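Next, two complexes with subunit A in common: one pairs it with subunit B, the other with subunit C.
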Partner chain A sequence: MGGVVGWLLILLAPLIGGVLYGMERKLKARMQRRAGPPLMQPFYDFFKLIDKRPMVVHSLHGYLGILHFLGMWLALAVLLSGGDLLMVIFMHLLANSFLIVAAFSVRSVYSQLGGMRQLLAILAYEPIFLLAGVGFYFLSGSFEAKAVFELSSAPLWAMWGIVIAIIIVMPAKLKKSPFDMAEAHQEIIGGAEIEYSGLFYEALYTARWLEYLFAYAFIVLFGGANWLLGLALAAVVFLLVTLVDNATTRLNWQQTVAITLGLSLPLGAINLLLIGIQ
Partner chain B sequence: MRLERFRKKSPWILHYNAGSCNGCDIEILACLAPRYDVERLGILNRGNPKQADILLVTGPVTHRSRDRLVELYTQMAEPKVVVAVGSCTCSGGIFRHMYHVGDGVDQFIPVDSYVAGCAARPEQIIEGVARALEILEHKSHEIERPFQLRGPLYCSGEQTIRRQMAAKVSDETN
Partner chain C sequence: MIENLTLFLILGPALLALVVYGAPRRLYGPLVVLSSALLFSAALLAWLLHAQSVAIALPAWTHAAIVLLDFALIGYFLWVGVRQNHRLIVLLALLQGALLGWVLYALSAAPLAEIVVDKLGATLWLLVTGVGGLIAWYAVGYMRHESDSPRRQQAFVAILIAFLGVMNALFVADSIELFFLLFELTTLSSFILIGWRRDAASRLSSLQALWMNQLGGVLLLLGMGVIIWQGAPLFFSALLESQSGWALGAAAFLIAGALIKGAQMPFDRWLLGAMVAPTPVSAILHSSTMVKIAPFMVLKLGVLLHGTPLAVAVAYFGGFVFVAGAFVALARNHLKEILAYSTISLLGLMVMLSAVATPLALSAALTLILFHGVAKAMLFMEAGVLEKLHHAKSVDEMGGMLSRAPMSVFLVLLGFASITLPPFGALVGKWVAIEASAQSAFLFLFVALGSVVIALLYFKVAGYMLGKPGSQMGLTIERIPRVFSVTTLLLGVTLALSAILIAPTLVYLIVPAIEPFAPGSEIAHKGLTLMLPSGDLPFWQIVGAWLLLLLLPLAGLKRMRRVDRVREYSGGERIEMQPVTFYFPTPRWIVRAMAIIGAIFFGLIVLLGGVLWVA
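Coming up: the complex of A and B.
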């Protein structure tokens, strides 16, 4: 995806992400037979948070939150402009590590617990995203996202195992049940984000929209040149993740890591082997 | 753009049980469930004082819970409102004048909206919250302080440090 469309997508990413987040909340409510909040609810929250009296634990904590947001946007920008996939994945990891450093920099136990659990969640989903990067390399001969968008036969068919593996780890990535131990509202009350408030929580809130967009944009990659197929796949995953989120309860970290890695790593590895043989 | 307009479109709630019998807590949870579904009004139960706008209190404030109540209240960022849910929260109700309770939350923190009833019905609670939202829209960013257990509020330059605000001043308030 290049040129004007790519740049427009990058600039409007927080807006699109916000709408996506609103859609998710609405869909989740409809699945529970509730009316749900209006579609624009995330933006109402956004404006309300600006208006709150600023409170900050210490300045570095606040800045790390903002860096988390910027890092997330940069990772998304590299992906949408057709850049290097490894760069995308590691940029994204860097953005998350800002949040983890912030979580450990305050004295709240909940925050520290959240930081540790966030690290475990990264352990659960990161390997699969790397395997996907390698898979794309085998198919297109390059780590560039641009090359993947030019593949005439959709990578989805060759990389079926990795697609299933990514669907399995998706809840861990988006902090959804059953793998939402890193956030765990009502248990550790948001974990890493507990000490943020007002304007600084804003950064985390919008970073979450970008994270949604990032995860689903990564899935669109599996459609190759046929981006309609990619979008359809992303929509299916969106429905599936929301359904699973509504239907399951939270697992603890041992179960999370065992299930995600135990199922998805072998699947991904076998799939990579098969691609290698062909 | 007037940002105050958005305050009542996305009120986030912190719910604290200051020694209630749990009757009103169940009614509050009923508000969040599909039948009344307050999320359609943008209301979320955050459970985090730093990100909440409305403090929903139930219970007559037992001596054990009052320090926590004041602590939670001081941790909330302004603008904020307090809704007292249930008769015992408003005035002590059936617990009034008992040896271990402080008759109602308004002895400790300023209350903006009272919801009577033992237990308060979900419709009443939603009404009480709606009333509180009207007040919230006109609040300033002035720091609001609890009445009792009040320690000093330090200011250094631009920063206010409210860590001591909920400290115990003396034990005479028993």
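Coming up: the complex of A and C.
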């Protein structure tokens, strides 16, 4: 991407992410034969949360929520500005590390369990995203996202295995069923998020929109220069993730890590090997 | 000028050690600081003035002195073996003696200089004297908390300082004969310092470290034997110039020996045992400097190996250790053991990159050697502070340490972050590592998997330390003896500053050291922007990540006003909250399988050495 369009996207990222989140809620509801909230519901939530009485458990915890949001925005900026894909993934880890530190810093079992599970979720998805970065490098000779957007033949076809691998780990990244152990509302009540409220929860809420945009923008990469194809693929994955979220039950962390790493890592590796041979 | 500085850096520490040992009690602290400062200034000056490789020939009598010292050391090991009734040590000492005798018998005098100061050596001096010097200073404070007599404390610090000279010499030795002596001297240092506390555990650990490192010495001697057998001069520079198969055979033995010094699996147990020693020993020998001999040897011979089956074997071995070490560390509970295993793991990564041996991979390896050295030294020093001031050794005892020791916990966090997060040097090293190893798909998989496991490991420990504070968190910085806070803070500031200046740091510190023997890494910088052939790291990303991390400690100290405080949600129940963490017990068979795989790799390298020699 890069250029003016890229920077404009970066600037508007929270807005786009919010709409994306609204779409997801709507879609999810329709799958359950509910009417669902209006598309703009995330923004109504936004204003409501800002209006609430500000409360924190302790100052550092509150600040860490805001740092998490800023870090997520930075990671997204690196991606949308056409930056180095490995650095994109490391920046994303940086953003998440603030939330993990926050989760551990309060005297709440739910929060600390959530932090630990978030770490395990990272173990589940991050190797696959690094694998994808290397796959793009094999095709374009560069680790930069801008080089991927100049590939005339869509990486989707060569990187089929990696695409499937990414789809497998996508629920772990977006905290969706069956890999939503880090959040697990019915069990640990949101995990790392539980002690946030009002303005500070708002930071986390918006960071989640950015996370959505981040994950699906990564999918768009698989279209190469044909960004329409990329968008179509992202739409399909969006549908699929929502469907799976509705249709499955939560797995524990052992199952999550075993499935994601046991299934998608070999798949991606075989795919990489095949690309390497060609 | 360089010649004089070199002599000072090699022989000076021994003299300074004598002065420190003999000094009156009141003067000894300042003298240690002065020695460290002198040595680091000398290294800095040598690094600044260094323009091209400087060869220094030693007078003829030094050869006799080296031989004499060699046999004295082997004799000492033999004596230790006999006295402790340890058959293996006796056997290995006899074997070393016989092999050394044979090598010396066949040795022909070659007109080459014993010491060649290249930029790589000068750069590593910065690490040895900078980090080592600070640790010696730290040790002055640390030993006050030990039960040793004052004289014995001074002896301890003196040994640490003398050891710096050994390491300085080792990194510039061109004569393999001299290198062997220095290698054996580091074995001796390990043995003495691990056994320092004189209890049963120390005795067992030191003997274990001794025989394993002796085995390393035997392998070095075998490598020397191969070279002598061919009638070639016993010098690294000559070895690097020869293209024939036997040179690779010799390299395989030399590397195998060095890998033991780097505690690569299945020889990881000696480094773990080394944790019984006083913490400065772990900080200096067993994490930041001495164990770096393993990647250093591969780095030095990497160009010779490039593209051979031997390079493939060593690279996969390193990659395997990187992942396996991190997994084993996950199951550990003692902070020093966790740090030890993550050291073994990261050494594996450095070995792997050195064996890949493209200019970019070598640059990544050196970056990791330096920044891991700084970070691990600081982490061990903090482990020592937590142990001495807060009596916490295992992670279980560190739950909620933040409320008691915010400064120490902050520095531990900084050390962990510097290895796992951008824009710190070690992470940038890993980033370069992936870009450099991406050509071979499977090697990169090790890097991807290993880095994530290390991140999981560090954040797990860090999180546990943050555990307890709860709503009453008003942090007041604890009082730490100045010698502890100054030394660790200096390392912390180095990490933080080098992070924002990472682009110039790589271009002016790493590239000049690698360029002379492996030109073409194509690392460049424009202001703060770092440019690699396969991707850039723009300044705004570096500054952005750096500022976010900088805000963290500031946020820790700044209290929010006009924001109400609430208690945590507990479902309406009164619960006594204890910090919780996950344990990842590694089944015994996995640990054993890892040792066996390591042993197979190790055997393969030695076997390749034999095959290449014969072929």
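The rule is short, and it goes like this: the second predicted complex is superposed on the first by the 278 of 278 C-alpha atoms of A that agree within 3 Å, B and C clash if a C-alpha of one lies under 4 Å from a C-alpha of the other, contacts with A are read in each partner's own complex, and residues count from 1 in each chain.
Assume contacts are C-beta pairs under 8 Å (C-beta built on N, C-alpha and C of every residue); 3 or more make two chains touch, one makes a residue touch a chain.
The shown structure was predicted, so the numbers you read here are calculated from the model rather than taken from an experiment.
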Under the stated touch criterion, which partner chain does A:D45 make contact with: subunit B (first), subunit C (second), both, or neither? first
Looking at A:L123 after the superposition, I want to know if it touches subunit B, subunit C, both of them or none. Which is it: first, second, both, neither? second
Looking at the overlay, what does A:R53 touch: subunit B (first), subunit C (second), both, or neither? both
Return first, second, both or neither, reflecting whether A:F90 touches subunit B, subunit C, both chains, or no partner chain. second
Output check: A:I194 vs subunit B and subunit C. Expected answer is one of first, second, both, neither. What do you get? both
Quick one: is A:Q32 in contact with subunit B, with subunit C, with both, or with neither? Answer first, second, both or neither. first
More subunit A residues in contact [subunit B versus subunit C]: C
Can you give me the overlap between the subunit B contact set and the subunit C contact set on subunit A? 53-55, 189, 194-195, 197
Residues of subunit A that touch subunit B when the two form their complex: 25, 29, 32-38, 41, 44-45, 47-48, 50-55, 185-186, 189-190, 194-198, 201
Can you check the complex and tell me which residues of subunit B touch subunit A? 1, 3-7, 9-10, 12, 34, 37, 39-42, 46-48, 50-51, 53, 77-79, 141, 143
Contact footprint of subunit A on subunit C as seen in their complex: 402, 413, 417, 420-422, 427, 431, 434-435, 438, 441-442, 444-445, 448-449, 451-453, 455-456, 459-460, 462-464, 466-471, 473, 534-538, 541, 544-545, 548-549, 551-552, 555-556, 558-560, 562-570, 575, 577, 579-582
Enumerate the contact residues on subunit A facing subunit C in the complex. 53-60, 62-64, 67, 70-71, 74, 77-78, 81, 83-87, 90-91, 93-94, 97-98, 100-101, 103-113, 115-116, 119-120, 122-123, 126-127, 130-131, 133-134, 137-138, 141-144, 189, 194-195, 197, 265, 269, 272-273, 276
